[in-house]
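Would you mind keeping the following structure in view while I ask a few things?
To keep things simple, chains are lettered A, B, C and D as they appear, and every chain counts its residues starting from 1.
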Amino acid sequence: MGAGVKKGNAFTNNPIVKTVGTQKIVVIGVIIFLAIFFSWMSPAFRQYSTVVSIFDFSYYVSLMAIGVTFPLITGGVDLSIGTGMVAAGLFAGNLVNQQNLPVGLALLVCILFGVALGCLNAFSVAKLNLPPFIATLSSMMIARGLGSILVGGMSVTWPAGATEQGWFRSIFRLDANGTLIPVGFILILALVIVMSVFLNHSRPGRYIISVGSNKEAARLSGIHVAKWHALAYIISGFFTGLAGVAYAATFQGIVPGTGAGLELDAIAGVIIGGTSMKGGYGTIGGTLLGVFVMSLLKTGLPFIGLQANWQQIITGIVLIIAVFIDVTRNAKK
Amino acid sequence: MKKISNNRFVKAVGFNRILLCFVLILLYFLFTILVHVIQGQNFISLNRIFSALNYAYFMGLLSLGVTFVIATGGIDFSIGPVMYCAALISGYLLTANGWPLLLCLLVSILVGSLFGMLNGYLVAYWNLPSFITSMASMMLARGVGSVFTRTQSVSWPQAAAENGQYRMLVRIVTESGTTIPTGLFVLILISIICAIILNKTKAGRYILCIGSNKEAVRLSGVNVKRWEMLAYIICGTLAGMAAILFVGAYTTVQPGLGDTFNNEAIAGSVMGGTAMSGGVASIGGTFLGVMIIALLQEGILAMGFQRDYQFVITGIIVLVAVYVNVRSQKRKN
Amino acid sequence: MGEVILTMEGIDKSFPGVRALDQVSLEVRKGEVHALMGENGAGKSTLMKVLTGIYTKDAGKITYENKEVVFASPKAAQEAGVMIVHQELNMLNHLTVAQNIYIGREKMSGKLIHDKAMNKAAAALFQRLNIEIDPTETMGNLTVGKQQMCEIAKAISHDSKVIVFDEPTAALTESEIKELFKIIRDLRAKDIGIVYISHRMDEIKEITDRVTVLRDGAYVGTIDTEEATKEDIIQMMVGRVIYEEPKSKSNVAKDAPVVLEVKNLNAGRMVQNVSFRLHKGEILGFSGLMGAGRTETARVIFGADKMDSGEVFVNGQKVVIRSPQDAVRNGIGYLSEDRKRYGIVVAKTVAENTTMASLENFMAGLFINKKKEAQVAEEYVEKLKTKTPGVEQFVVNLSGGNQQKVVVAKWLVRNCDILIFDEPTRGIDVGAKSEIYHLMNELVKQGKSIIMISSEMSEVLRMSDRIVIMCEGRKTGEMDISEATQENIMHAATRRE
Amino acid sequence: MKKKLVVALLSLTLVGTLLMGCGGNGGDTTTDDTTTETADNGGDDGAADADTNDAPAGGGENIQIVSKGFQHQFWQAVLQGAEEAAEELGVTINFVGPNSESDIADQVQMFQNAINQHPAAIGLAALDTEALLDGIAQAQAEGIPIIGFDSGVPDAPAGSILANASTDNYAAGQLAANEGWNAGIRDRVVNANGSVRIGVLSQDATSESIINRGLGFIDQIATLVEAEGLTVSITGNTRYVNDSAVEETGEGGDVIIEVLVPSQVTNELSAIDMQTLLNKEDTIVIYGSNQHSGEAMVTGNATIQRLGVGADDVLGIAFDSGATIKQAIRDQLFMGAVTQAPVAMGQAVVQLAVAAARGETVSDVDTGAQWYTADTIDNPEIYQNLYD
């Protein structure tokens, strides 16, 4: 190839990397802006406890969001995470209350429940080749019903923080002599780093991206597409289970029949964080930032006298803007 | 099997729809037997049919609407909350502000259309993915309904009360006490209109073709954006109408809810043979799919079970339906 | 040419209703470039898919390095040293070049992927092949030609012993083809066996050692390239001589009015300052190499893509075309090179596709008059001799040539006077080809005007009354058919400015 | 062939799931009393009359009970009481409830279904009376007596509800205000420098029972404050602001009552509302008017930690019980709570229903409410009404 031919190099400034950086920076900017805005409007917002609260209510959404990033990267979606999380929390919590299962084991059961749900999704999407949307919509309904059936329709209360069995609550919020340490946030950060490395620097992660980028090409490269496609949904299920743990640790009672709609919060966070709905591209760090925007809104708006229903409206608009950016970025290419 | 599918009658009605009829009848018998065994009750009664139909009316309209959107290859995840939002706003204007009934009914339909227009505009003209777009407008619908009514529920007037005439759209009870299920006629009428639109008009032709191959239709000199947007407007308008049938049967709507209806409406459409990938849709099938959902819900209640079982069973049926659908399409190619 | 490395003998493969391969044989030696030729649907790709484990054969024997083998998957074939460079690009657009090349066999450092090592290895590979591509560039940002080179580099990086090239030059520029041939000669010198699938006769003559020809899934024969003439090979492919003389002079009257005039058209890099005129009853050939900007020009005229600047006149009137609707309203129809994506709605019937662009003429009030629709569709099926069991047939079930006719019918029903045929015979077998040619001649006789974009030189010379040649987005030549020769067209087509 | 298989599979799945449902029904809905003779009640629709109900006097009647939900343990305690009474009286009950307390449409279907079973009587705790009026009229026409429970069926047409076995929610709210006032609110109000704030955390602004508990509390507090010669104002959710007896709105009073209602009933949003109240410096008391709100108080307090009974703490008053609230009372996180008598309520509704079905005259039963604190939580008369 002669030196004169430089068509490809016209792009070497790498607009993708640049835009991605931009989107993340925009999101961080939005977070900083919101934080300053709320602090300025309300003195009560400028408290350590507010920060801890924002963290507290973001754990379960963050975990779901980290998980659902993977199906989204494959170009699919997992709608069952919301009801799945609640079902897992119900089922495991019920075992603690009714069968006196040690909490440690129950947490494991909770995670395994999520993994099982992930396996069901993986089977219908990767093995039966059903459209992910409708397949996970079905399992969303199944999880919702099953969670309720398994506990006989009753709400479940995991052991309180002060009790002997309540130690698991300090996984996320450690009470060190009256000072609250949001260890959950550190945990989430660690998970973000681990999953980022997994996504970008391990074979399974790379193959999951490949499935989302061009399934046929991946197959012809000798990649066992179905296996990695399935893995994305199992990861999502695993994080659904983890989110169940976080949900149980943060809140008091888990009520059957709830959870529908929470998946949308998580997916919205992923999209705001810059993951492409078309698949093939996504970042875990962005996902966390996206979730944070929503958590900030949810916690911050009441401080300036606006009800949470305004959060719905604002999140809706932010979401449209985020997808619009994604679409125009893709259109440019 | 070939013989059956080549039979002229079968061909005219469609194998899928005959299968659905069969499932419907089978379910009815199944419930008759099970209800007798479990509850010692008679399942066959007019009252039961009426109460199942109550559920089918609004669900039918939602499902018909979303069929148009799925036919274009998109999805509308906002119909349930939009229906609630329409019923809340128009009901609030009727009861709190004393607007005339007819105007309020119009407002209800209009609110639905507006959300349809928003979805359609963003999807068709801005090329945003329909799933995320409708998710955003679902958040908007929930928030707007909630803000508009200041988080209060709205109860529509009773049939006998002032402004109760709208209930004649759902049922008329004559002086002799006979109930005429006018809602069924409304549903059938609207189904027929939808079937005509989908199969006999330019709009329907283009909506189906867009679902099949949008670019080819565009390059035929067709204004694809307009027709694609129209599908969403039809969907939203039907959701606005569904709001009227909903309050006609169930009187009260609360803010912040309605998203579970999305799943069932989409499930009804998919059961009816609408392909998630677009291009293939059946109004008759959707009608039957909705009837199956309504029957399931009535039958499960009659057996004395919670609705949880209905969710699980609907989920399983949808999985099976999609599997059959995907398989038969694969065989065609 | 060395010893035999790969033989395929008596390969059978059936799909429901079709016998795709019937007792096909192929022999590849070390250090030879073996051309595999045949019309579309002759079974070349199927044979290669059987070889590389994408399909399983029904019968027959594959011997590789003197052992009978069955590759269970593309991966197994790769590992054994049999690699295929696909015709359709199979790239992971979101990954970098290096990540693409080493997909499935990443260099690892512990449990993690060692991207740096991969970048380094890819850079070394490119240097060896004399290709100038940055390994850290995202694949989606490369031009199609560069992507093709990456695909080739990937195949070579596998240390394969047999490499199959499936129409590798389709997306390459002239200079890239030269580079590719250099690489292929290099590989040949290293005793690698190469299977080369192509339709371009000149390439076959230039690069290959032997030719194996398939016809309708059956083995026809193998000959040495040296000894074979073009006619011989074509003869083997079609079973008859089809070579026809080019048109000698224009059929268009001198005073024929201009129906379409384009002035200073600009759109991005691929359309720069293009101007031309189309007369009534004329076939205006658009020639040029792949990526010359011909399709882009057509799409801009048709309103499918955005125009930056320029003027378009139809029948002397200036028109503004912002969308295909505007173009169609002005009587312009476009037949895309990629029918399945842009031409037809495969899941719909012949009748529905026929009336797609003119549905408003088939309305009875609010409703579609299906009777009239079927009637008109049948009329055109007859007129164009479309082979279909009926107008209610789904177009997906028709062959390429007949699908093309359905698209033509769509525009004729719309009464379009200006038709843009973009690669009208791509993917169409020889028999149907001449029917399309006949049809085009009929159309201009009836007073329609045609712009024909074609990459086949013989097609351009045979059909056009006048020829416009483009190169890299600019018009680089325009000549009457009487002046046109292969040489001066090629000269203009490579005239870079 | 494959489609046939699929159909067969589908049917099998259905049957299987349903049967599985029957088997695993234990903790669920029906009592396993096999002496049913209710088949007699089926058949024609519309003519059956309570007085001519064929069930032999002395047992066997089928009573349908439509509750507001299942998920809170409160309803499990009601169910327990109902089952006890049913066994005692020799009747069968079928206890159902919608998935959540927002599923009005579900309850309409369930109530309709209960009527379609032609039971001897129906016990009903209405989520929304308006939505149930059609069914109530139908039941009346068919002569099926309806007994209200929990919050009853407020504003039902005269004569349609024969009796209520309910908590007087307004009185229960007043009880919470009185007890709380004496146990520490008064001191804080009277000794305050400047204005103080009393928070009311409410699950929704739609359910009558929850609204009444809120209004009872608000109105009583206002009366008590005004008796001290101070002024009261109310702010927050429109419904409460409009319906309460407090005239002045906004932040102007010596005591400001602020009512917060989340836009959706989720744990998170209620907890955030709780935090909004806790974050206001002048807040001295927060009252959560049901189990959901009580639990949200605990969740919301977890990060801010202002609740308690100490001099500088914010006082918490809850409603009902459940493991979390009981624990919070014992830990003196809450100063006290009001409990209803769910078991007695369950018993009363069945007793009334059976009496009505047998043609006896029935009258309202107030099942009552009690105030409990860390000191009295273990008293037997209290403890029997608490549930986990």
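Please note the rule applied: a residue touches a chain if its C-beta (ideal position, glycine included) is under 8 Å from a C-beta of that chain, and two chains touch if they have at least 3 such contacts.
Just so you know, these numbers come straight off a predicted model, no measurement behind them.
Peer 1: Give me the chains shared as neighbours by chain A and chain C.
Peer 2: B
Peer 1: Of all the other chains, whose mean CA position lies farthest from chain A?
Peer 2: C
Peer 1: Hey, which pair has more contacts between C-betas, A-D or B-C?
Peer 2: So, comparing the two chain pairs, more contacts are at A-D.
Peer 1: Cα centroid separation between chain A and chain D, in whole Å?
Peer 2: From the centre of chain A to the centre of chain D is 34 Å.
Peer 1: List the centre-to-centre spacing of chain C and chain D in whole Å, with centres computed as mean CA coordinates.
Peer 2: Distance between chain centres: 72 Å.
Peer 1: Centroid of chain B to centroid of chain C, CA atoms only: how many Å?
Peer 2: Distance between chain centres, rounded to whole Å: 45 Å.
Peer 1: Using the average of all C-alpha atoms in each chain as its centre, how far is it in Å between chain B and chain D?
Peer 2: Roughly 33 Å separates the two chain centres.
Peer 1: Can you list the residues of chain D that touch 2 or more other chains?
Peer 2: Counting only residues that touch two or more other chains, chain D contributes 21, 28, 70, 97, 99, 262-264.
Peer 1: Considering chain A alone, which of its residues make contact with at least two other chains?
Peer 2: 148-149, 153, 256-257, 307, 309, 312
Peer 1: Scan chain C for residues touching two or more other chains and write them down.
Peer 2: Residues: none.
Peer 1: Return all touching chain pairs.
Peer 2: Those chain pairs which touch are A-B, A-C, A-D, B-C, B-D.
Peer 1: Give every residue of chain A touching chain D within the complex, in rising order.
Peer 2: 44-45, 47, 49-50, 52-53, 56-57, 97, 148-149, 152-155, 157, 160-163, 173, 178, 180, 250-258, 298-299, 302-303, 307-309, 312
Peer 1: Which chain D residues qualify as touching chain B in the complex?
Peer 2: Result: residues 1-4, 6-7, 9-11, 13-15, 17-18, 21-22, 25, 28-30, 36, 38-39, 42-43, 45-46, 70, 94, 96-99, 102, 104-106, 108-110, 112-113, 115-117, 128, 130-131, 133-134, 138, 141, 204-206, 237-239, 261-265 of chain D touch chain B.
Peer 1: Report the residues of chain B in contact with chain D in the complex, numbered from low to high.
Peer 2: 1, 15, 19, 22-23, 26-27, 30, 34, 38-42, 45-48, 51, 54-55, 142-143, 146, 150-153, 155-156, 158-159, 177, 246, 249-257, 297-298, 301-309, 312-313, 316-317, 320, 323-324, 327
Peer 1: Could you please specify the touching residues of chain C with respect to chain A in the complex?
Peer 2: So the residues of chain C in touch with chain A come to 54, 73-76, 78-79, 86, 90-95, 99, 103-104, 106, 108, 111-113, 115, 130-134, 137-138, 140-143, 145-146, 149, 175-176, 179.
Peer 1: Which chain D residues qualify as touching chain A in the complex?
Peer 2: Of all residues in chain D, those touching chain A are 21, 24, 26-28, 70-73, 76, 97, 99-100, 103, 262-264, 266-269, 271-273, 275-276, 279-281, 291-292, 295-296, 298-300, 302-305, 322-324, 327, 331, 388.
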